[in-house]
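In the two complexes that follow, chain A is the common piece, with chain B as its partner first and chain C second.
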Partner chain A sequence: MQKSLHISADDCTGCYQCVLACSDAHGHDFNPVKSVIQVFRFEDEGRDVPYTCTQCDEAWCQKSCPTDAISVDANGAKVVSEALCVGCKVCTIACPFGTINYNADSGKVIKCDLCGGDPACVKACPTSAITFVHSDTAQFNKMRDWAGKTDAGSQQST
Partner chain B sequence: MAWTGKILRVDLTAGTCTLEPLNMQWAGDYLGQRGLATKYLMSEIDPKVDPLSPDNKMIMATGPLTGTSASTGGRYSVITKGELTGAIACSNSGGFFGNEMKNAGWDMIIFEGKSDKLVYLLIENDQATLMDAAEYKGASCWDTEEGIKSKHGDQFIRVASIGGAGENGVKYACIINDMDRAAGRSGVGTVMGSKNLKAVAIRGTLGVKVKDREKFAVAVAAGKKVLADNPVTGQGLPTYGTQVLMNVINESGALPTRNHKDIQFEDAHDISGEAMHEPRKSDGKPNLVSNAACFACTIACQRVSTIDRTHYTVKDRPEYHKASGGLEYEAAWSLGAACGVNDLDALTFANFLCNEHGIDPITFGATLAAAMELYEMGVINDETTGGVKLTFGSAEALTTLVEQTCKSEGFGVELGLGSKRLCEKYGKPELSMGVKGQEFPAYDGRGIQGIGLAYATSNRGACHLRGYTIASEILGIPVKTDPLETEGKAGLVKAFQDATAAFDSAGICIFSSFAWTLDDVAPQIDAACEGDWSADRLLELGERIWNMERQFNLQAGFTGADDTLPARLLKDAATTGPAKGKVSGLETMLPEYYELRGWSQDGVPTAETLSRFGL
Partner chain C sequence: MKQADYVIIGAGPAAVAAAETLRSTDKSGSIAIISRENISPYSRMALPYFLTGQISQKGTYLRKSSDHYKQRDITLYHATVTSIDPQNKHLELASGGRITYGKLLIATGASPVKPPLPGLDLPGVHNCWTLDDAKAMAQRAGPGANIVLMGAGFIGCIILEALMSRGATLTVVEAGNRMVPRMMNDVAGNMLKSWCEQKGMTILTSTRVVSVAQAKGKLEVTLDNGASDLVDLVVVATGVAASVDFACGTDMEIEDGIKIDEHMQTSINDIYAAGDCAQGRDFSTGFWSVHAIQPTATEHGHIAALNMAGQEAAYKGSLNMNVLDTAGLISSSFGQWQGVEGGQSAQNLDAERYRYTHLSFEGDRLIGALTIGQTDNIGILRGLIQSRTKLGVWKDRLLKNPNRIAQSYIASTLM
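Up next, the complex of A and B:
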């Protein structure tokens, strides 16, 4: 069964534990700029929002890569081959979400690879704002929350 | 490893920035941050120096765990001779600035001399440049931070700055980073202002390395679990912040009220952490928007608040309608109970202004409380205050004067002196509630005996964060002691002081110590840093630091006679609550404390004690 990262910004405190775990897990020491998950603080609203690649099924980055350096692994993650990437950055332009970025140290691009199926950010998060869940049922908890607030008998879908 | 091994020395007189290697032997003896920077300061300045002269230095220092994934590992401290106190000053701040400094490759930045014009320091990894700050002259910390970010087109630059208060010599100006995190006490921002240094802006992208990645990951995970499982760090602080204490301390009969005339505040609930969760009448929303974390912190005690838009303070000022750093316990107390004010929105507004303009809300609130007492006694009057009625309980007096103090206008100029200088000026020095020139925080030494000794002996003037015996006396951490009892408190204070000095030198937040002991910290340092690090080594290092700071103060001219409390706490018995009839038993605790410290009866470390710590 395919799994996806599920992010619930409401639970995020902006602690950067996920960011640090990501950077460390990918061999970049503790270096927030090298993390492929980023957390943005919206001071005026009191909100922290983690953001990373959603692993599009039809991935802009993958389609745009002239050297076919981006492939799909067993977990459905779009992963970059360091050997094939030439650092042209076309994928970073193609991605509408900004979640694939150039790493000046290696001259290659970096993006979320779901850590081979055991994401470091998920393990590091103290509030369970990031979870790794079955893709088909990823939003069921949200549905359940709303279901609990609704009188199901009167729900109207059109 | 864990240390970057590099110091940036900024000579503001000459306008130069130079790189120096870190003294690794000192790092082994003093760890980092508070301890290590104090060692540098002591070896480079005369403790007798005028804090505002170019000969004083100011050090910004990270610890070895700063910038790592160790929970709360984002701290930095500012170490200098404090303007408010004339004693060693060391003010610790969270947010994201400390990590940025470390990630730019610096353990410490030493500022010396004085610039002939207002400047800010811009650091991009190994590039450090002094930049003209004329455009930020008089600007608030908020405007300075936003201005620098937009000028350089980089929202990820982290900025620590002073507001107009620091430029204008308010004696308790702080340094604000990340909008609402403060190196708050003792006037470290005043020293920064005296050097014509407006801000330090950093972008760091080099990464922080630890000695043994795998061992470190295990130690960090274990530490995080201890914090998550502990009721204070796992539930109390995330839910209520430090404001979890307001009702608790009030019930213990140790909430100083109206300049310590009372020790219980009848309206404590209105300004408590619980009240911050309650929906307000106007819009049904609570004061508290969310909690938030400093870098790497899995506790997340920070409050993010809004002010009721219909409140008199902001109804015509939409710039204060957005969310910002909310009340922590100490500020809620100083702006609230200390002045007898029960209006949560007025307190939140005052707190926003303290952050915006960079003044310490503890000293400000306590100074206003002293002024209110002077006013009620008729020592000062409407003429002195420019017509502001300084009665205890007046929210209008609070919000008017916080603005005047932040902007150095009207009677605010006099409040900017701090309570000691203000009360001396009006011939009533006994009304200043503090030690060594620094005002008390939010606990009364009559209702909680150990904290009275901790205040009297604190190296940076009255302070709860130098030996937080409240943990034991009220919360039962690590063991419950009776707050009304003096016996055993000398040992308790010493143990807290020594351990705290080690925590403060590591790069982590002291709030972790609600759950962590040095046994939880040592494995993280050991995995991160060169050398072998045990809890015993850290405790010894903490005691070494304490004695070194003491030496600084003695050389600066303080004596054992300064280890005292105001007469109000020593002579006027508490009138209500569990401590009714009690005064502080300082005189029974202090001699025992000196003895346990290996100090003479006059409070001077003996030659043997000094040599034991290689001082």
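Up next, the complex of A and C:
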């Protein structure tokens, strides 16, 4: 069974360890702008919410790519081929979650690739707010339900 | 005479998405893609990157594996369709042959339109549309070349950088009062203009080319303000129109494109249309529009194929959206960025740093957006618009600070 990142925002303390670990894993640098996981701070509510790609089944990014640069790897992650991506950015507006973004340094798009099955953010999280679990979890279903609402492309009437 | 259960005219993203969905839905039906160009299906979106030399011809192909189509038993057929006979269900070809179809998908895309001006058929005047156009432009756009680009719309803007990067001197002539007038408002369109000027281009808005003529081994371009210039290359990017000529002999309903219902079927039974040639349901307005963008093309192609293969699927409509890289300045537009009557809007402008966000609301829902200089999480704008998310208290927060889009989405949907 496929595994996914499970994010429990209630357990997040806003320490940004995941962001730093991710930028190290993907950009070989401790620099938040090179991370593909973000943590959003809600001052009014006093909360921090980690946020990244859910590897959704709809694969908006993959379907909108004009150069076949996005594929699904053995872990079910949608991964970008740097060699095939031309940096056209269509996926960055097609993804309704905004979790695939353009990186001006490389001229390509970047997104969460689950680190090949051993996510750095999970290892870095001191409070288990981010865990790597079998895909059937409430949080992800919630996001996928919402993806369904935006799914203009594939509603099948039954 | 040839025949196939499913015949697709055109070989762009809508056609390829449709052929693949047809094959995964109907394992045995015969599928033929008819292409006017004798080349593996490729992406016009990728041509600017071919023009810069960043990718090879193969880099533009929609699918990279050389036996992708063969493996799926999809036949690629090189021919030009001249007319459709819906009664007898066959297509007439320019070669004189015929192809009979069971179900037909028209995915012929769009073609560039040259304005009716003298000299636009001269050698050295090119559209930027096909792979051959890109090759011809590359030949003339070398270091030191003087180029006039007619039209600062989406296509004009996206090839600016490719032309500049080849070492050419560029003058852009746009009839509208700003750049990309159909995608950007005054503030944003003029921000793009000042960016390009800073990069060393000459941008002439509210200006038209009146003629092109041969002179002194070059092309003399004359403008409506009386000025003229000798150039090596004229690129015409003044607009495109749905490629539907071959369907004109039928009683198919055609306006800006071929009108299609929610199942992507045209007004003629068993004939479907998808992508840039199709005028389908607009998610934002409920009316029918041509949305000549990649995501709509693949969605159309997919939905059309399901219906053609007998699996009823309805389309809720496409959202007009674009992302554009104008010589390094990235802009995006979504939905009804012009706003609607009675709706509120919010904007955040930092002209010095070339950053801009403009949001349009109807009630407490986001219905449109424009951004410049932002690349992080911009897809959320699509998500918020298309899910018709009620923003509640976050609408007021966005009115105060339009940059809190990601927070508003997370708070409205996940918290």
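The rule is short, and it goes like this: the second predicted complex is superposed on the first by the 134 of 158 C-alpha atoms of A that agree within 3 Å, B and C clash if a C-alpha of one lies under 4 Å from a C-alpha of the other, contacts with A are read in each partner's own complex, and residues count from 1 in each chain.
Convention: contacts are C-beta pairs under 8 Å (C-beta built on N, C-alpha and C of every residue); 3 or more make two chains touch, one makes a residue touch a chain.
Just so we're clear, the structure is a prediction, and the values are computed from it rather than from any experiment.
Colleague: Kindly classify A:T99 by the partners it touches after superposition: chain B alone (first), chain C alone (second), both, or neither?
Modeller: second
Colleague: Chain A residues in contact: does chain B have more, or chain C?
Modeller: The partner making contact with more of chain A's residues is C.
Colleague: Does chain B (first) or chain C (second) touch A:A21, or do both, or does neither?
Modeller: Only chain B; A:A21 stays clear of chain C.
Colleague: Taking the superposition on A as described, I'd like to know which of chain B and chain C A:G46 touches: first, second, both or neither.
Modeller: first
Colleague: Tell me the contact category for A:D57 with respect to chain B and chain C: first, second, both or neither.
Modeller: neither
Colleague: Overlap the chain B and chain C contact sets on chain A and report the shared residues.
Modeller: In the superposed arrangement, which is not itself an observed complex, chain A uses residues 45, 47 for both chain B and chain C.
Colleague: Note which residues of chain C are touching chain A in the complex, please.
Modeller: Result: residues 13, 17, 43, 45-46, 49, 54-55, 59-64, 283, 293-295, 298-299, 302-303, 306, 311-319, 321-323, 325, 328, 330, 332, 334, 375-383, 386-388, 406-407, 409-411, 413-415 of chain C touch chain A.
Colleague: Can you check the complex and tell me which residues of chain A touch chain C?
Modeller: The touching residues are 9, 38, 40, 42, 45, 47, 49, 51, 60, 63-64, 66-68, 84, 86-102, 104, 139, 142-143, 146, 149-150, 152-157.
Colleague: Considering the complex alone, what residue numbers of chain B touch chain A?
Modeller: 67-69, 71, 74, 96, 99, 103, 156, 179, 205-210, 213, 217, 224, 228, 238, 289-298, 300, 304-306, 322-324
Colleague: Please output the residues of chain A touching chain B within their complex, sorted ascending.
Modeller: 13-17, 20-21, 23-24, 28-34, 41, 43-48, 124, 126-127
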